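In the part that follows, the structures are each spelled out as structure tokens.
You will see two complexes here that share subunit A, one where it goes with subunit B and one where it goes with subunit C.
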Partner chain A sequence: MPKASGLLLDHTMQTVLSVGIDALAYGMVLFVISIGLSVTMGLMRVVNLAHGAFAMIGGYIASYATQMLGFDYGVAILVAVVGTIIIAIPVERFLYRRIYGAPELTQVLMTIGITFCVIGIANYVFGPTLKTIPLPETLRGPVDLGFRSIAAHKLFAIACGVAVAAALWYLIERTSFGVKLRASVDNAAMAASLGVRTRIVYAVSFAVAVGLAAFGGIVGAELLPIEPYYALRYMVTFLVVVSVGGAGSIPGALLACLLLGAIDTTGRYLLPEYGEFFFYLAVIAIVCVFPRGLLGRSR
Partner chain B sequence: MKTSILAALAVLALSSTAFADTIKVGVVGPFSGPFAIQGKNFKAGIDAWMALNGAKVGDDDIEIVYRDLPAADPAQSKALAQELVVKEGVQYLAGFYFTPDAMAVTPLLEQANVPLVVMNAATSAIVTKSPLVVRTSFTTWQTSAPMAKVAKERGVKKVITVVSDYGPGVDSENAFKTTFTAEGGEVVDSIRMPLSTNDFSPIMQRVKDSGADAVFAFLPSGPTTLGFVKAYNENGLAKAGVQFLAPGDLTQESDLPALGDAAAGLLTTFHYAVSHDSAENKTFVEAARKAIGNPAELSFPSVGAYDGMHVIYKMIEATSGKQDAQKAVDAVKGLAWESPRGPVSIDAESRHITQNIYLREVAKAEDGSYYNKEIATFEKQGDPGLAALK
Partner chain C sequence: MASIENISASTPARSTRPNWLVRDLVGLAVILVVAAIGYFLFPNNLALLTRILGVALLVLSIDLVTGFCGIATLGHAALFGAGAYASGIAAVHFGITDPLLMVVVGAVGGAVAGVVSGAVILRGHGLAQLVLSIAVVHLFHEAANKASAYTGGSDGLSGITPDPVFGIFAFDLWGRTAYGFAVALVVITFIVLRLITRSPFGMLCRGIKEDPIRIRAMGASVQGTLLKMYVISGAVAGTGGALNAISTQVVGLDSLSFTLSAEALVMLVLGGTGSLYGALIGTVSFMWFEDFVSAANPFHWLTIVGALLIAVVLFAPRGLYGTGLSFVERFRGNAK
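After this line comes the complex of A and B, so read on.
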């Protein structure tokens, strides 16, 4: 039973607000990490199980850049995102290009293989210990919100989530690149015959997705610490977000993250011993009612 | 199938003298996968022992045969042990990081005429499963119970326990609760959280709402520890004066660089700190660091392995290299020596190690790195968990 039930009402209000803030922060971290996968799965139709691996690569580069090279946090984010994209370019050119439009099983086998390779390489190069990305002074330590204190980096993660959501929505819905991307996805042959260079569109989208993965890996590193098994450990969570939100839908992913974050956080506060029972119960219920996810497009 | 294995084991037991010139020790541990760092520590402890004491006992050469078991997998553990005994002809089994893996092997020991030296697995019951099991690590009860005394001494009255919901976590909760209640303290609430928890903020909110003076926590060492300790600081519990108490699994040396400032001042009780101040430990740490490569990776499983080898060498000496599991185990009952962790002995009745448990505080060294600083000693602690089983 919740301990708060027997206490004063304003105390209960405080707890509700407090848990609400935690839920929002957790949901936004989930969103930043998972949205790249939603792009690859929804818009490019690639079941990219190596998404976590790219997030992890971003985290490792950022950790190395701050700890070993003494870079600033902001610079390290930039270096890590660009670095991860550079690493991903040959991978896209030689591996992913073969599986665009391939059956899902082929995609799953290929990308899980890439994941295992990345885990092995990370373990060999960086060792099995946890790696951290030191935060700048301004993001360190708690911020007092009046009724409770919250970690400053969580507020930062919330801001990043909002910024990423807005930027992506604008890119896909309002720019000519977004039009070409949607056209290529809906009918690649027709788009190509109309002069859209689909290969380049795919390559750029892939780079954006990988960059988002890396960005999410860094911003989320305080909750999901970087270590070699990162790539597999959180894969299920990312996939759940995409399937609940509807692959390729940015508002859908946002909604899914906030909803799942709220359910998970509240469940953990009220009935921690039930573990992730409520989380997965909610997932089952949502997928039963909305088989394509909350805001998924029907094909 | 079963009879053929039995027959093979029997043949092996009878013909074991043929292997007397090279005695093989089979070591099972996680040498790859998420827990590879713990397996690396097993190997570092064993290598350090052999570097300092030679690879020979009398005229017999000692050969270590490693088998990799990346995650807890009892069936695979049993299969590996069988293979080691039947195909490799090992006279001793050792290692075992996880309790279920060690448990799965105990039924084989008597038929195979092989002693098992547990170098880590920390559930009290393992030693009761076969008279041929000796343990040189610790139990969660052994390292958790003294913390209740520390809490009492420091004037803590109300405690909330927060543990990961699996065997050792539950053990730790029971050990603390039993001892703290016996000391006259009150456990106001007990939370068990799933192993896969990554966001601990709601848990910290519960801790805050419980009105406890201190939180007693147990999580397996690794990624989740980091999030937990950070959440403790970020949610203002440290500032609010809620003390953080835990067994030493939470501040194992290989996790400290990542924990950094967040860990400063945390109190833990444990059987071994790499910083332990003694001549034996200095020699050990030097040899083990050389063996492991990266000094920052050295942590507690290495000392369990090192002392495990000590016990195995004594067993080989006592049996002059002949395969006689019961005689070997009998020979080390009551054996006492100076380990890198301090004075230890094998309890003749339980075959578990009796040792000092230390209260440690995470402190900053001169070079800016963090280490576990021993600040108090609980001498000659047995395993209270065995008494609780009865």
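After this line comes the complex of A and C, so read on.
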């Protein structure tokens, strides 16, 4: 009897651990993709439903660079991030700039329109099939951590999330650009009158946000597979993360990603037949209790 | 500024009562004439026309909360689907197969869903409101998927066989009865909504859209009024869902989807928010266009809709109806 219960306990521990690792990896991928959305939403007050489309574009470029051009994984990431930013610049200049400060409905429609266009074009250019980004040798196998082994790409995703969080923290808290960014988030008009060129701050943070989305799209391609409807399928998830965390708050977004990642992954493991029921129930509960998000500031 | 101009422009029209009565009767006549033209031009495609009318009721119901009350929602298909499932379940599991009773059941189901989702969605503002509405429609979708004993899950709810209307007009293979039934439902709903939006209650809703703080200072209950409008909107959407269930005799999970919510909102904005005619024009032009283009290539369809949306936001923010109206007004101004 003691032996059996020990086995059961061991089994439970194993389940908890693998759910935990999966949740952490998923949460970190969500974080890398949606942190840019959170910052731009806090800064420019644009409900940007097309953010997932940029993550998808990054994934497509990386897939094309590795599969067709034979680039290295690292080089492909760089090419994809830069390529996505180059694609995003005219979109920002000609479309987004017209909806800064517009009512939410207008912003929603414009960005849904952009998303539909991107889906249609991606489908036309790359076809409706799933695209893979082959991982390098070092990320392919499992990694032995002593007590158990974990897929290396999940560890890589977690590491990327931690690195992005640390880099963003440094950028925003310790550099002069970060000071200007925080000033613009708090009060754009006052920052502008004090000599901050808010237009440049907007443009740079939009580029960083898009670049991070592309990076997250590539790193998370194993968990959120790249296909034309990617932009529509995860659009809601990214928006939910920002809303739950509080727009413009990095710790909030991190907390929201870990929490929602944990709820979603646990739900999938334990009650798969309920689908995303508990995920959305949790979202409603959190947003009702914290209408500004978990760590969002009241205005 | 625009709102002030609007109000001052519409004041003379309201003070002379027969003027708007005549205008509404003309509008009603136009709807009936267009419905008749559709019947004679596309006798083999009445199923599509009936579906358009069902979705038109959904778009009208979104107009009630978005156009008249200023609530941005991406989850209104929850009310449409609730109505469709309510009437479908009533027919399949409880033997209520009279089409008029099924419509009533659908309207009640939609109204109940309206209370539930309104109570949740009205707690937030801005981004939180949008996310709550999305979460509500996903929640309804997952619940319907799980309760497959009643809803048929992902296979859909089939086996709905409505009785003849008034015991005389049986639902035929060509969909003639269904089309006539749908036109009658849309016209009745349109008249009722016209009366509601012109009533003091409708004016109060418009006031809340313009300035909720001032309305509260006047002593009216903002949340209570909006919730009432949500219930009315739910009844209208539920009627649309019931119509869809009766005419297609099947209810699928797609009637509770985020995609349908987003598409219906797009139709409303294409036609023009804040006007019942705009909702109808938007639905008809969007769905006719969809049928036309998606027959050629479903992926170009998405690209074209996206481009169309961007163009509407940039160049015709008041929608087809609003832009047409201001064009006519400018023309009249020049004539004078």
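To be clear about the criterion, the second predicted complex is superposed on the first by the 286 of 299 C-alpha atoms of A that agree within 3 Å, B and C clash if a C-alpha of one lies under 4 Å from a C-alpha of the other, contacts with A are read in each partner's own complex, and residues count from 1 in each chain.
Here is the rule we use: contacts are C-beta pairs under 8 Å (C-beta built on N, C-alpha and C of every residue); 3 or more make two chains touch, one makes a residue touch a chain.
All values derive from a computational prediction rather than experimental measurement.
Asker: Let me test your reading of the model: by the given contact rule, A:88 touches which partner, first (subunit B), second (subunit C), both or neither?
Answerer: Neither: A:88 stays clear of subunit B and subunit C.
Asker: State whether A:240 touches subunit B only (first), subunit C only (second), both chains, or neither.
Answerer: In the superposition, A:240 touches subunit C alone.
Asker: By the touch definition at the top of the document, which applies to A:47: first (subunit B), second (subunit C), both, or neither?
Answerer: second
Asker: Looking at A:25, would you say it contacts subunit B, subunit C, both, or neither? Reply first, second, both or neither.
Answerer: A:25 sits against subunit B, while subunit C stays out of touch.
Asker: Please indicate which partner A:123 is in contact with in the superposed arrangement: first for subunit B, second for subunit C, both, or neither.
Answerer: The answer is both, since A:123 touches subunit B and subunit C.
Asker: Tell me which partner A:104 touches in the superposition: subunit B (first), subunit C (second), both or neither.
Answerer: Second partner only.
Asker: Between subunit B and subunit C, whom does A:65 touch in the aligned arrangement: first, second, both, or neither?
Answerer: neither
Asker: Quick one: is A:283 in contact with subunit B, with subunit C, with both, or with neither? Answer first, second, both or neither.
Answerer: second
Asker: A:150 contacts which: subunit B (first), subunit C (second), both, neither?
Answerer: Touch status of A:150: first partner only.
Asker: So which bits of subunit A does subunit B touch that subunit C touches too?
Answerer: Common to the two interfaces on subunit A: residues 123, 128, 228, 273, 275-276.
Asker: Quick check on the complex: what are the subunit A residues that touch subunit B?
Answerer: Answer in residue numbers: 3-4, 7, 15, 18-19, 22, 25-26, 29, 123, 127-132, 134, 141-142, 148-151, 154, 222-225, 227-230, 233-234, 264-266, 268-269, 272-273, 275-276.
Asker: Given the complex with subunit C, which residues does subunit A contribute to the contact?
Answerer: 41, 47, 95, 98-99, 104-106, 108-110, 112-121, 123-124, 128, 228, 232, 236, 239-240, 242-244, 247, 273-277, 280-281, 283-284, 287-288, 291-293
Asker: Which residues of subunit B touch subunit A once you look at their complex with the stated criterion?
Answerer: Of all residues in subunit B, those touching subunit A are 33-34, 36-37, 40, 165, 189, 191-194, 196-199, 201-203, 205-206, 209-210, 222-223, 226-227, 230, 233-236, 239, 254-255, 257-258, 260, 294, 296-297.
Asker: What part of subunit C is in contact with subunit A in the complex they form?
Answerer: Those in contact with subunit A are residues 66, 72, 74, 120, 123-128, 130-132, 134-136, 138-139, 142-143, 145-146, 258-259, 262, 265-266, 269, 273, 299-310, 312-314, 317.
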